[in-house]
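Several structures are given next for inspection.
Look at the two complexes coming up: chain A is in both, with chain B in one and chain C in the other.
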Partner chain A sequence: MAILLSRRSNLLAVVVLLLCQLFLYATVSSSGSVLKQGGGEEFSEELLLKPFPDRKVLAHFHFQSRAPHSSSHGRHHHLFPKAIAQLVKKFRVKEMELSFTQGRWRYEQWGGFDPLSSNNAKPPGVELWAVFDVPQSLVDVYWRNLTHTLSGLFCASINFLESSTTYSAPELTFKPSFGNLRYGTLPREAVCTENLTPWLKLLPCRDKAGLSALMDRPSIYRGFYHSQRLRLTSSESGSDEVDSGIGLDQTLTVVLQPSSWRTGKTYSVETNIQPSWSISSIFGRNIPGKCVIAKSSNVYLQLDNGLVGELKNLERENAKYVANTFESEGFQSNHAFKISVTPDKVFEEVDNLHGKSTSVIYGFSVEKYSDSQPFDLGLTWKIPVVWSCQQAPLHASRFLMGSGNERGAIAISLEPTESSEGLPTSHIIDGRCELRVDIFQVVPWYIKVYFHTLQVFVDKQPRAMADVVDKIRVSPSKDKVSPGVMEMILKLPCGSKSAAFSLEFDKGFLHIDEYPPDANQGFDIPSALISFPSFNARMNFSEDEFLNNSPILSKFQETSPVLSYTEVLLIPLTTPDFSMPYNVITITCTVFALYFGSLLNVLRRRVDEEERILRSRAGHKAGWISQLLSRLSAKLRGRPQEQPTSSLPHSFISFRLVLKILLVASIAVTWQYYFG
Partner chain B sequence: MAETEVSKKRKRPIVRLAVLLLSHSVLVSVICCTAGVFGLLLLPVLAKNTYISENALMPGSASSMLSNQEVSEANKLIKELNNLHSNPLGATTESHGIIAKYMSNLGAQVNNHKFHPQLNQFHPLHFFSGPDSGVMQENSTRSLYGINTVGIIRAPRGDGKEAIVLVTPYNAVKGGVRETLSLGIAYSVFSLLTRVTWLAKDIIWLVADSQYGEYAPVAAWLRDYHTPAFSNLDSLNTETCHVGNNNFESKISYGIRRSGTMAAALVLGVAYGNENEDTLGIYAEASNGQMPNLDLINIVHYLAVHRQGLRVKVEQFHWLLNSKWVKSLGEVFESLGKMVKTLNPDWKLGISAADYVEGAATLASSLYHQALGVPTGPHGAFRDYQVDAITLEFSLRISFDRLDRRNDFLLHGGRINGLLGGITLFHF
Partner chain C sequence: MANTLSLYRTVKRLGIPDERIILMLVDDMACNARNKYPAQVFNNENHKLNLYGDNVEVDYHGYEVNAENFLRVLTGRHKAAVPRSKRLLSDEGSHILLYMTGHGGDEFLKFQDSEELQSHDLADAIQGVVDNGGHLSSCHTLFSGVLAIGSSMKGENSYSHHLDSDVGVSVVDRFTFYTLAFFEKLNMYDNASLSSQTSPDPAGASQKLGIFLAWVLLSHNPPLCFGSTAAIQQYRMEPKTLSWPGILPIPVYSTSVTVVLQSFHFLQSNSVNVNCILPNRSIPKKIGGGMEVLGFSPILLIFLFYISILIGSL
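Entry: the complex of A and B
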């Protein structure tokens, strides 16, 4: 019987195998057609590399998936992740952005003006915002459900954003919305591979092929900044042919240190030469060709305008090099640096109203590379170049003031950066040059901010609030219900050298079980968002068909305000001694035990009966030792033995007591001595 | 009836006890006092070794990787600063420039901090007055000012919420080899920390201008760090200071750069040792007898003794070390301990007389300083802002003039690095 069974199972396995193979062939042969028809779904992958002035290299992966709206194509998808499509459909998400970030974006070194930093510099931890396509009364419910779903999808504690104390509804500054936007951050969320793996699962090729094959976990997490982002846009109405459906943009931004840095001498003048790097030296891997089902697969190398300007200056100094070699083909091996692969395309930023240098982007298509001939882009520097990235118009920093556990103040200071002097001042209103700055800040409820204490200093002079603040929206915190939100639209005079705002607060108390783990370290105040709506972080390229198909470059061309996040603040709050509750519990239990013990004793004792029993027992037999002793003493005294009464002689009792204690003590001492 | 009378006569025992005690109050107080003193004398005997959970804190998990390169760089800094001493005129400004240059070469963000010292820090009349008293004085001391140099390393992967402060007092005018050496140590540690990737907290290095005492510059810097003045009236740091002819000097800002909340602070100093061993002195008492978190002291002690083989010397009363009666008391306790040990070898009451004397001296010194309420060093300023801080003082047996010896000494910086590693993990 057993033999028969196994034979049958063998046969079955063969049949299954055959079927599988058949199916495989079918899918492989049909994949081409799927690509062509597409079902309206597309996927494209891109990678942007950019050297930074402080010897680091930025790698920015961008994966874009698009799907037409599910009503037109049923509920099945070819490329688009089903989990996301379901999420969009179920929670009626109009727009959503989720980011996991580790480390901080250094605005001073890595720039803060270009679209790359404005879009991809995120506060540490988790940031989530979403716009829902539901009536306002339902938004909170949908938000809660969404947080739970995302928390399951990405293995993160996003579900903590469910509580109304953690999220807020900005209206003025964050994004134009009509009350259906929710925003929440978790500054202390640690980001690691467990968050990256589910994120990669949304890609059709995962990290098995294409650009995502570069994502070697150790080298990615060795970086100085790591931000993984997921952005969803969906449009219900099918009126617009291009944009209808769901768009999913997944980006991973890492700032890495090329490894050659360590070997170089750190102190000497030679340090000014930038480290040479290649994709394989940064990631430890190569690009093994494109992901087969991707529509396009490109790698870009961006040299930002500061660098290009510096290179041009250098070139001008060197008389033998003619200017304008940048535009020519020979640019990829000029005297300053050398690119190992010939670029397929060179894009140069067009602009600029004020004749400043513009950034250059080299495009490389990965399509012609394969496993046997992997793509590896390298950049070799020949001469030292020093440049700086373009910074946001004002450098914002936020810090705490005061000391002690009772009260303090939050201060935001804005200082013009070096690069801001040459910025266009096109926003002259009523003959006065003004700079518009939006500040959005959320403060948890246990930091009780007094919004009336807002003080404004411009150029070190105290100013009336009405002079500077154009619009302000404040929603004070409610204990254990909602956080305090402050949104301000400021109009700063253009030439101001500094601006500072301070807000006083009281530190609140929490209930013992509301303290997070490691409460002694302090409590986090999420980053404030500073945006400069009068400046647009966008790049203009000359019209090209190619640009519109490239997700990264088309993103660069979108008009978006310059954004920057401030630091996360850490506020030490009074924390109880966490062993205290246990002490309290132990003490109360002891007291209760004592109380109930004695009470029970009193209640269940029947005094009369006990006395009777004692008397009768005493009548029958007093302890035999005492009887013996009393008899002995009687004999010694020569008196007749006394009848033992209930009141036994005290001397005897104490004598016995002492005897017993001595006995026990001696036993204890011997025990200690021999066995202890 | 008779029974009630008796019970009235015989009061409750607690009352009787109280009456008894009151009637013999002198005797009782004498007994209590002697018991207290006896307990105090017994304390060194009962003191246990501190236990550090290595798994929880992982002190010293950061191996010291101080290379010769850092040491030679630090030596260069020391030499440059020592050369300045030959011409005291202009030494102050130049020394700031040199220190700032070295700091920024390491990739740190540098700024200068200008302050007006508040003299008479512990004036008896100002003891209870608020911070206003300092402002009142300021007018008279306008012309006097000192300049601190501050360098900040941002932790590569940290979020910048917290910072650890390294302080080296340095007097450019009168500072001897001793102070430049402490700068050298701090520099080598700092340069090492710029290259490590495990840093979880930012590191702030404050070179405190100790022309007006060691305490004042640190206190002034902390005050400006925590309660900056936004308005123009009392801002010092905006005053443009064109003293430096150095091109580099003009680049350094006078505005305060900030990092996150301070988690801990270490003050580094070097003393001329007259002992037979290299020792590390720890000073912890802050104003009004406040003490930092003892874990900080414990970690430093643990790392110094177990990992680095340094001899740790907590502050002591030296006259007690030589006093005969403490020694004889120690001997008494020693013999007592031996006797107890014969009863049960597990009872570790025994302590050698020498240890006892040392313990008693340390205890007495700590008691004295806590009772006095005057901080024992610049670390005292940190305690006012709830920052744990201690002063570490290295001392050596040989003079610092010999170069090889100095190099050796600078390599000790690596030991501090281990300490800092432990402390960065401290709150994590």
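Entry: the complex of A and C
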């Protein structure tokens, strides 16, 4: 009976336990589904590949994380990096962009008009700008603390931006921010693996899974241009926007050259053919499936409009009947190129304002690939194709004029590119056709710019400032306090071919402590930012709800002005002789040593000491008291005679001694007087 | 730089996480445009091991590596805004390993080709760290809690191990090479200790350092600090500064007083009796010429110097 009862109780216990487990499982799964659907944190990763006309390939990684506002969802994050959320909360950041770049974006070959170039071509070194949500008097304090935190987070010397000589507060260039925006850049900052490591640690899958597993460090840093960028936007919960909360966009843009030995092709007869490449040949790895917690993981291959136009021309010229033309569905094989994987979606740009051909983007989804079946996309060229990327309306370049260590001039020149020949007439404003150009330039305080010497040349003819400059805002530099900031809005007449500006400066002097250890290399003037607000760098696609989910493509559809950065200028300043303190110390001390040495030598050297001792011993019999007395009197009299038996030459020598002493002492005193 | 990175890699491999390591590298060699192997640093000619790896975190680099920041790290005196990853954050019970490599000389270490750190400054800073390490027993305080090993004796030079003709520079020095060879044989679970000295070593000092490092790393869990700044020279905890009385403030730099003393030394060798200047020499009884006033003590000499300055400045 007892055994039966215990068995029954055991059964009961088991049943209760099972029920409990089911209940827990149900709650967990329901909460899990709630988190997935309505919880709000999202992460998506994308990669865009694009061939360039100069035999290089662009790889653009885009990782996007969104987190809803913390007051509604608590302070726990499961996808969003906590470091960034804490940064936003602590420093009240509304918007921030931080980029680490090495290399120069070649606008002539890689284009300057498309949204990718406008948003991702950054000046070399570190560039940071941030908008704060604090009263204007506190913005500088928050900026300083932000720079220190970022320098600890990203292993870079961003803390050098804390001093007021490095950052500025532009007002016209960026969107209106009522004085809460600060902009700083470090042109000489080196970018290496130590900056990429913490950047990758912000991603939920780190660099272990998904698209970030492609990032082979030697391959990335072998590129011609690499830039990692972090863009942060935060909006308050008060607004009713759909995307309130914190948004983090991390992009890595790399321009690589596919090397022929990696593809396995030994010899290509036609060297005009672009090199064939694949993901495994340029990165050395394949994509081992997607990051499991990513909402979407896609790879895109973009053929820009220049290339598409060229391919269509070649087709038309090619009289032979080609079974699969470019526009047909057979994307796998084509008369010009071949892609190794069939694309899942094709996006074609519509309604291009310039009336030229439109670019094409092939989309590949990484969802169905995994570790055992990795994703590798390859592009093989069959015939030589030459095209050019669309460039910004004017090509901006900057250079120095003058020579010597006293003065010089900075010149910015805007040259026409081939895309500026057919300027649309939609830029007619007030009956005049104008091209608006914005220039933003920051010059360090030791380059003392004279803004009254600003000269404008249009079509190589000097013009009055009022003709061309619509608005100019200048913040002159203060020595050791703030740099010189110039923001100009120009309205160039439409028919103008080129424009140039020159600005004269004097080179200043730095205190010896302010020189960096490699002072003889020179000092940098950061890149100037040239923007063309009347042109929109955007691509329109046909309406597709897929596009809203794709960060890269929705970014392409955003309206943004065409931007380009000029080069960084290197100015040699006069440097002092850094070994001078050492030289002064050694010379002074040698002189003092000689002074004291000779003084003591003169005073203490005893000539004929033994003779004196003997004589004193001999004279000791006479009576030592009298000897003592005679010695004392001799001392008081200035020591001309020491012994009663001293001969005249002896006293003569003593007199000489005295003269020498006086001479040395007077030299020392005059030295002190004149040089002390 | 390969020296520091090799030891950094070894330390990480043996279990110390990045949060407890402060790495200071001066040059940007890995991603320099002139590096044939971008993002790669090797410490051996065979290029088998990429020391830069995938996960390096450099806390101070470029212009930030200077004597001031180094001393701030050791003494813990930072500005308020400096982030935690750049601070040493040590307390009682911390064991700190300090590895410095670069150029230096007799009683100084060189930073960035433009400034030097004197051995007494370094000694003071390390003494400050040890003092904060609190309550040690009396027999430990006798040893000051510091064990220092240099790659060469005072007056010796420290040499590189071999040249990599592909890259064009010497990649590692002998001291680090043998130290690493010792460490590559260990893993996280070994029990090497200071008292175990096994094989005859080609470089005794490096073997001792290896054993010391093993003791530090494997038996405790210390925060560590590395630098790529100056050569390891044998310094003493009480560096031999000049034994001037210090009663009067001497308005010259310490180097100049050295020069002055050295020149006295020179004069002494020329049979000038300057015995009375140095305090630990005996003063001869018979003094002639009435110069006893000056000859008695160095304090009066300094007085004379002062007076001459005063007269000169009037």
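Note that in this section the second predicted complex is superposed on the first by the 521 of 676 C-alpha atoms of A that agree within 3 Å, B and C clash if a C-alpha of one lies under 4 Å from a C-alpha of the other, contacts with A are read in each partner's own complex, and residues count from 1 in each chain.
Methods note: a residue touches a chain if its C-beta (ideal position, glycine included) is under 8 Å from a C-beta of that chain, and two chains touch if they have at least 3 such contacts.
All values derive from a computational prediction rather than experimental measurement.
By the document's definition of touching, of the two partners only chain C reaches A:585; chain B does not.
In the superposition on chain A, contact is made by A:149 with chain C only, not with chain B. In the superposed pair of complexes, A:191 makes contact with chain C only, with no contact to chain B. Contacts of A:288 after superposition: neither chain B nor chain C is touched. Taking chain B and chain C in turn and counting the residues of chain A each one touches, the greater count comes from C. Contacts of A:102 after superposition on the shared chain: both chain B and chain C are touched. In the superposition on chain A, contact is made by A:612 with chain C only, not with chain B.
By the touch criterion stated above, A:222 is placed in contact with chain B and with chain C alike. In the superposed pair of complexes, A:671 makes contact with chain C only, with no contact to chain B. Legend: residue contacts after superposition of the two complexes on their common chain; A:500 is shown touching chain B, with no touch to chain C. In the three-chain superposition model, chain A touches both chain B and chain C at residues 102, 222, 518, 672-673, 676.
Contacts from chain A toward chain B in the complex involve residues 54, 102-104, 106, 124-125, 187, 222, 224, 262, 266-267, 397, 399-405, 411, 413, 415, 455, 457, 459-462, 500, 502, 518, 520-522, 524, 567-572, 672-673, 676. Of all residues in chain B, only 69, 73, 105-107, 154, 156-162, 195, 197, 226-228, 230-232, 235, 238, 255, 258, 260-261, 343-344, 346, 384-386, 427 touch chain A in the complex they form. Chain C contributes residues 28, 30-32, 37-40, 50, 52-59, 61-64, 66, 79, 81-86, 112-115, 252-253, 255-256, 259-260, 263-264, 266-267, 272-274, 277, 286, 288-291, 294-295, 301, 305, 308-309, 311-314 to its touches with chain A in the complex.
Within the complex, the chain A residues that touch chain C are 102, 144-145, 148-149, 151-153, 155-157, 159-160, 162, 189-194, 197-198, 207, 217-218, 220-222, 516-518, 578, 585-586, 588-590, 592-594, 596-597, 600-601, 603-606, 609, 612-613, 635, 639, 665, 668-673, 676.
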